[in-house]
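You will see chain A twice below: alongside chain B first, and alongside chain C after that.
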Partner chain A sequence: MTDFHYIGKETKRPAGPDKAAGKAHYIHDLVRPGMLFGKIKFSEHPHAHIKNIDISRAERLPGVKAVITAYNTPELRIGFLRDNFALKKDKVRQYRDEVAAVAATDPETAEEAIRLITVEYEPLPGIFSPHDALKDGAPLVHETDARGRARSDNVLPLRFHHESGDLEVGRSAASHSAEGEFSTPLVQQCCMGTAGCIAEFSMSNNLTIWAKTQIPFLAQRDFNRALSDMGLGGRNTRVIVPTLGGGFGSGLDTHTYEYIAILLAFQTGRPVKIVYTRDEEFAFLSPRQSTHTRIIQGCDSEGRLTFRHVEVLQDNGAYTSWGATYPSVMMLPATSLYRVPNVYFDSKLVYTNNTYCQAMRGYGNPELTWALESNMDELAGEAGIDPADFRMINCNEPGETTPMGLKVSTCGLKECLESVAEKLDWKKKHGKGKRRGVGMASLMHVGGSGRIYRSDASGLIIKLDDFGNANVYYGGIEMGQGLHTFLTQAVAEALGIRPENVIINPTDTGTCPWDVGTHASRGAFMAGNTAILAAEKLRRRIFEFAEELFPKEVAKNIKKLQKKDPDFKAPDFDVAAAAKRDRFELKDGFIFIKDAPAEGYMRVELGRLLRAIHFRNQGQMLTADVFYDPPNELPDFEKGYGNISATYAYGAQGAEVEVDTETGEVEIIRMAAAHDVGKVLNPQTLKGQIYGALAQGVGYALYEEIQSHEGRILNPDFRDYKIPGTLDMNFPIDLEFIETDDEYGPFGSKGVGEPGLVPTAPAIANAIYDAVGVRVHDLPITPEKILAALNKK
Partner chain B sequence: MRINISFMLNGSEVVVEVEGHHRLIDVLRDQLGLTGTKEGCGKGECGACSVLVDGRAVNACLYPALEAEGRSVTTIEGLRGPNNELSTVQQAFVDQGAIQCGFCTPGMIMSAKALLDSNPDPTEEEIRSALLGNLCRCTGYVQIVEAVRQAAVQLRDKP
Partner chain C sequence: MGRYNYYKPLSLDDALALHDKIPGALFIAGGTDVMVKIVNGDIEPSALISLRSIPELSGIKENGSTRIGSMTTISELIEHPKLHKRYPVLIEAARRHSGPQIRNVATIGGNLCNCSPCADTATPLLVLDAKVRLRSIEGSREIPIEEFFKGPGETCLSSSEILTDILLDPPQREARAVFMKKGRVHMDLATASVAVLLEMEKNTCRRARLAAGSVAPVPLRLSQVEELLEGNIISSELLDRAREISSETVSPITDIRATEEYRRRIVGIYVRRGIERLLKK
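Here is the complex of A and B:
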């Protein structure tokens, strides 16, 4: 397919005008009749026994409708290891542990009630670094596992491991090697719209929850399990997703506040809303996990990689959410970015009394790529090879199967590297020093969804109405990335109607078919493939009906014309004979016969044909539903093998920086980015994805970090936790898309939601090294760290 | 203590009863149901709550409601023309793809409007400085700056 009507065009975001007018409704804006406001009381210690909770004064406060603790509500275990609880009993393990909650008629009363709750603790020694957690005799964060079996250490029972080739052979084949230790900090997703939900029960004890989620159907499953734990087995949850004020991975798990709202709503019989303030979001929502990576790579005298050894240590925090499974993604670049024959990858995950962690854009990939691409430059330096050339020597190629078993259908990495080198004027600028430098880094990521559950599917329903509109029901989430824009284009393109006749309905588990969630950059890939399948089904049915009905409608057209103009003569074309299903075409909302004379009266508007199908005896309305599970495999993560994605996205970014050696300040002069996106579906939204992700990458590189002391978050606001603002991003970004036309991607495209921030930090770090000859191994690269490194030099 | 205040809101006079500690954003969102103004931080650090008071962009999360007495307040709801028509600045944000999740958008548009009302031909530096207090996590600002540029040109060309 090359002759696209809407694909590749700048179709506008369907909700754009509403958002511009302040008419889009986020969770913050929603109100239900009789709604109460929930508030949570969090722990005052990072690790302590709970001796007593006194809620009596809070209960007596006028306006308070419920005060709950783990002692007066059913136990709700949550998280995929079931090591977390909605409300904590006996022991707290982090500052963000929920010890009590209230529901009141207004937010001020709820806040006041929280202040009236007093908790007596007996503090316990805590552990605040993963290294300490591994020490002999370290205090145990969890004494038992979810099944009640005694635990002897703080190591989680999760194994992500890979070995291929023979590391010893790789080592002895190496003429050069480089070893480095790298770390990445806790980082907040910083959605501008904070997290929140409204929970409400009907009298039949079915739950409706308006949730800021990226996984409505997995959330439904989690909440149904909670209902069953509340003694409401067999009752059902309906998840409705309002407009999201950003996602970035923060909505990939269900949250304690949601379970607490559910408990409060059930107890009070009224809708209960909990929305986090910004301080709460910083302190009590799961951020990006911190990592420590040790990496050793070697290459032969020609610069070809001979081995790679990677060990990752992750601070899981006190409980387990998806942060724990970052290594499932880390092993992709670890095994498969560049061609490397002998690979060892291992990861260890330990409990501490720090905040527990969740998904964030890139999901382990930026963390691992930080180490890998910094170390690539170190190794290039050892080998005396230009880092750009070094990358080209080891570049991935289409058609290869990597040590992890990833099948590379298409790969534009080489073109991306060339593009970045050219945009940065690499040959002229690299290696000149004098406080100015250039650096680059590559990336690979899943680009054809990523199978991390048994089902990696998405369903889609298109309901045609009497007016030629396609009403679309899809469970994937629009969180700002432009999913609904592309879904509109894809349905219009594949069905043959105009984008303004595509209506995307709100995401609701009650109406939309199942979807595993909007993660792994799979939004457009899955939406496109399902739209194409559903459109095919509908076109087939429309054309079947058209065999009988189309000639009648054309005859009416001709009759009308003859009435107007008695001399009108229809051309000598036997419409009835030509009206065969495989000779029809549907484009821009009109049906016609492909080889018929191109006259207006030889076309029939889709709505008119649909009405003809509907309003006759035994009439029909046309609806198509499809369920698409992509051609990929659930890897064996303990062996580190399996083709996790149908295709892979590649890219490279480069930076030119100037470093002030007096202050350690880094100024980005410009950045270049080239991404293998398969096919550009919508230039405007695509650019928006890369610009936005790259900005997050700049923050990750230079200043973003949740600072904590003994588990307490010290910078829970935008004054002390800096994210990039307009002036921080005041440099040109030279962006190019490489089209590789992937066979699995819808219209040839690959997923690109996450890649834009994956290589940013190492590209900047490599540029800093080129400028002043120092390498900072721990993100973020603050002026203090640069000065310290310069002083050491 | 509750006090009646009156002010001009998007061109019409409103009278509301407020308490001393109420912020302008509480009055707009909770009392008057104008939820277009967003609260992203409540501390004057993100600009999501930007509204115009006597033509100047202020953070409604810091602005005491009592201070609005006798003044003229414009919110995002006040920019739309009759028949659901977007204003030039709003339309420019739609056209340039300057909107992703949209949570920062109303505040961003109000700050942009304040800038263009006082400086019809801003440089890129001036645009970026005017939007310094408005954080956006989604866009990286490139298309936002382009939108303000488009709006500036269109407003200048308007008869």
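Here is the complex of A and C:
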């Protein structure tokens, strides 16, 4: 598989020029005729009874078209466990609870109306840490579950558990062991484009919603359910996805603001737009969950892992999103990163009165890998083995089936570790101390989609027009990662046309086939596989028609040439006899017979052939639709078993750092990253994915944290919430891609959207330890934490 | 966000007259502090009076001493052909002020008048013994910059006064100065900052000026450290003492960016490192 035309090469981003020129339409740019602006009134308490909501003054404000609360609208239960409501009645459970909303003719009026709403509360004691939530007699965040049954504690009814082998056997076989507790903070996705939507009803009460989502079809299902709860059963939702300014997991759920826009649009009969400001985005959109992980690992005298014990406690916040299924991914590294025969994994999610959390890039993997890879270094230290060697001793290999039942088709982890060690000059630099140090960490992640839902499928339609263009309809989301760039390449490559003849249509549930969502690093994996299948279908049909029509078109070519040049003599080649479907080829938009003389007149442009197929009696136009569900399994999460992905991505990253022991500052001198990507599909977008993710990993390691006090977020803006900027990323990143040519991935590739940030933080922490001999156990590793650790030493 | 009128007077007198006439009016320069406060609902001015089109407030003039118009943007400071040679410490600080986009609109006058303890141009101007000229309807006055800062967010400007110029004496040949800033990331408001100016005669310190930002209600002169250094040979013990005194004399707070203890520590370290760096120059 080396003879690719477009795969493996840089291809222009289809939307690049429009984005650069400001012509791409983000939700912020969209306007509908008669559109109103919605605004939400959020709670002023983290936990309280609502005694009274006075909306009378807001209703009287000129320009206000609707003021809604839970008391004057149908109840809309939402969320993964349906424990959340679009608008809150009786009780608020977090600062961002929605108590009222308005729609007005302009944003300023909407804002003023919000200020005119007064709410009387009776404050309740709150819980702000998962440890407190588990204490006897802790106040209950939810008194009942979604079905109205009384709850007795704050633990979510979700079980993710795994036991394999015999932990006692593993413990007694261990000559060395290391135990550590690690925690991670709430962090924000920090999309440059904030969240927002426009909801609009037709006269027949069908809903159209322009939504910033990564799951248009699951969203359609959620919204249809809301319509039915609003008494509009049988009505339908059409979800249209505008240009997205980033997703990073924030679009994997439907959000309260969307339901509120729907309620306001229905009430007013006009389109209603709600877009979050940056402050609102920070304070009222769900961040990545915070976690506490306790991990113990042991190894024998040769350095072989004998057991691993992992317990995770997660602060879910007040309501439940899909993010609550993080442990479904945490299980992967916990059971399957490195070969370890005896494993115990358990996780607990608890309700608190903190902001509720959702998915973010890596989906639990960065959290678990932070603990696991830090602890690997601790254990290597106990065993007196070089951490790079220690990882090699336990390295995964192709062909193995892991304790979780993951079937490893290809695995380039060994090569990744070798690459990082070499790039960092590991042997020379490790263990020298003197405030300079090197560290590394590995990762594994789903690389062939990830089945956490009954269907893990994607559909794709290619409609060929009369001009040789392929119009593509695909439900996966371009959110800046370059999915449409790759989809363009994949269709061009698989079909045999030029990239400029591939047209990717807007994502719209009304026109695109179903897709479970753009998550789990599945974008390119699914887009590629569906594109290949659809292209094959079309090629088959094109070549069938060509048997009859191709010779006629070639004959026309020859006639034309003879007209120009009476002496022209066609070669002695029987086109009609050779025109058999398996002898045709389509490349760069031209059809030809593989073994025919390579003359221009022996080739027919695709558009011309398509017109010949179309414009005749009983003519045809060619469209292919495919639906692809990858060969993976929905694991039994209570047992922690099942091959969740068709293939797995591996990688390693390393850092060289210098620590200022007076100020506690960490300077990254350089980083190395090596990723098993199966096959490089597009070097530019791939580098973009890894550099971008690695920068997010650096932020996770050193800077980022949503700080809160008793549930109130204290740093809801970029002044106080710091992400690394270009000047903080001003160090060389030595990047290598390992191509393992995976059999399940399109063109041999694996998913790489998330892996780039998974091992970054532990690699940096391990380097800090190598430099100054202290380990910070809770992210982010701030100068003050380093100084405190140095003080204790 | 409330509604307000916007005025763009073309002369200083017009600006002052307008301000006198409209209660609740506020001057706006680059707006990078004003607009943030308005959007956050911290202030609700009835009107904004832009200083942007007033010729008297712009430009940098040099004839021995230097006069910087208050409406000079941070970018203009950086790009000026001579300033970086004459007052490198001011330009070092300007380069650490925000990022390119903000620097293109933010002004040096706004930076001072906003009176945040973390204003990056304040500490270099303190060690350069700068003066500021203020104008009101009654007339104009000139005061040392040190007296300009009164308390958190409070300058000695009356609400109807305009800062017109920043005045700098010709640079002393022997004087060397540095600016150091600690942020959580590179582009950040200072967690702590320090400017140090030394005039040395062989090993003896003839004159010292030190100032620290983000560690007191106002940008602060560290006069006790200056006294400690002046007239003395700068030994390692003296440096330790300078570090100690710096940490002790400041009065920082704990906030989202850092703890009080950390700020004290950084000021001490930066004072010591700043002096060391100058001695090496």
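Remarks
FYI, the second predicted complex is superposed on the first by the 793 of 793 C-alpha atoms of A that agree within 3 Å, B and C clash if a C-alpha of one lies under 4 Å from a C-alpha of the other, contacts with A are read in each partner's own complex, and residues count from 1 in each chain.
The working rule: a contact is a pair of C-beta atoms (placed from the backbone, for glycine too) under 8 Å apart; a residue touches a chain by one contact, two chains touch by 3 or more.
Predicted model only: the values in this text are computed from it and were never measured.
By the touch criterion defined above, A:A695 lies against chain B but remains apart from chain C after alignment on the C-alpha atoms of chain A.
In the overlay built on the shared chain, the residue A:E75 is in contact with neither chain B nor chain C. Applying the stated contact rule after C-alpha superposition, one finds that A:E400 touches neither chain B nor chain C. Legend: residue contacts after superposition of the two complexes on their common chain; A:N715 is shown touching chain C, with no touch to chain B.
Of the two partner chains, chain C is the only one that A:Q707 touches; chain B does not reach it. Chain A is touched at more residues by one of its partners, and among chain B and chain C that partner is B. In the superposition on chain A, A:E662 contacts chain C only, with no contact to chain B. Of the two partner chains placed around the shared chain by superposition, chain B is the only one that A:C191 touches, whereas chain C remains out of contact.
Judged by the touch definition given at the top, the superposed model places A:E111 against chain C, while chain B stays out of reach.
Touch criterion met: A:A24 reaches chain B, while chain C stays clear of it. When the two complexes are superposed on chain A, the residues of chain A that touch both chain B and chain C are 719, 723-725, 727, 730. Those residues of chain C whose C-beta lies close enough to touch chain A in the complex are 1, 3, 40, 99, 182, 184-189, 256-259, 262, 265-266, 269. Chain contact summary for the complex, chain A toward chain C: residues 108, 111, 279, 662-663, 665, 703, 707, 714-715, 719-720, 722-725, 727-728, 730, 782-784, 787. By the touch criterion given at the top, residues 10, 12-13, 15-17, 19-26, 28-29, 189-194, 243-248, 277-278, 479-482, 684-685, 687-688, 691-696, 717-719, 723-727, 729-730, 733 of chain A touch chain B in their complex. Considering their complex, residues 29, 34-43, 45-46, 48, 75-77, 79-80, 86, 90-91, 93-97, 99-106, 109, 124-125, 127-129, 131-132, 134-145 of chain B touch chain A.
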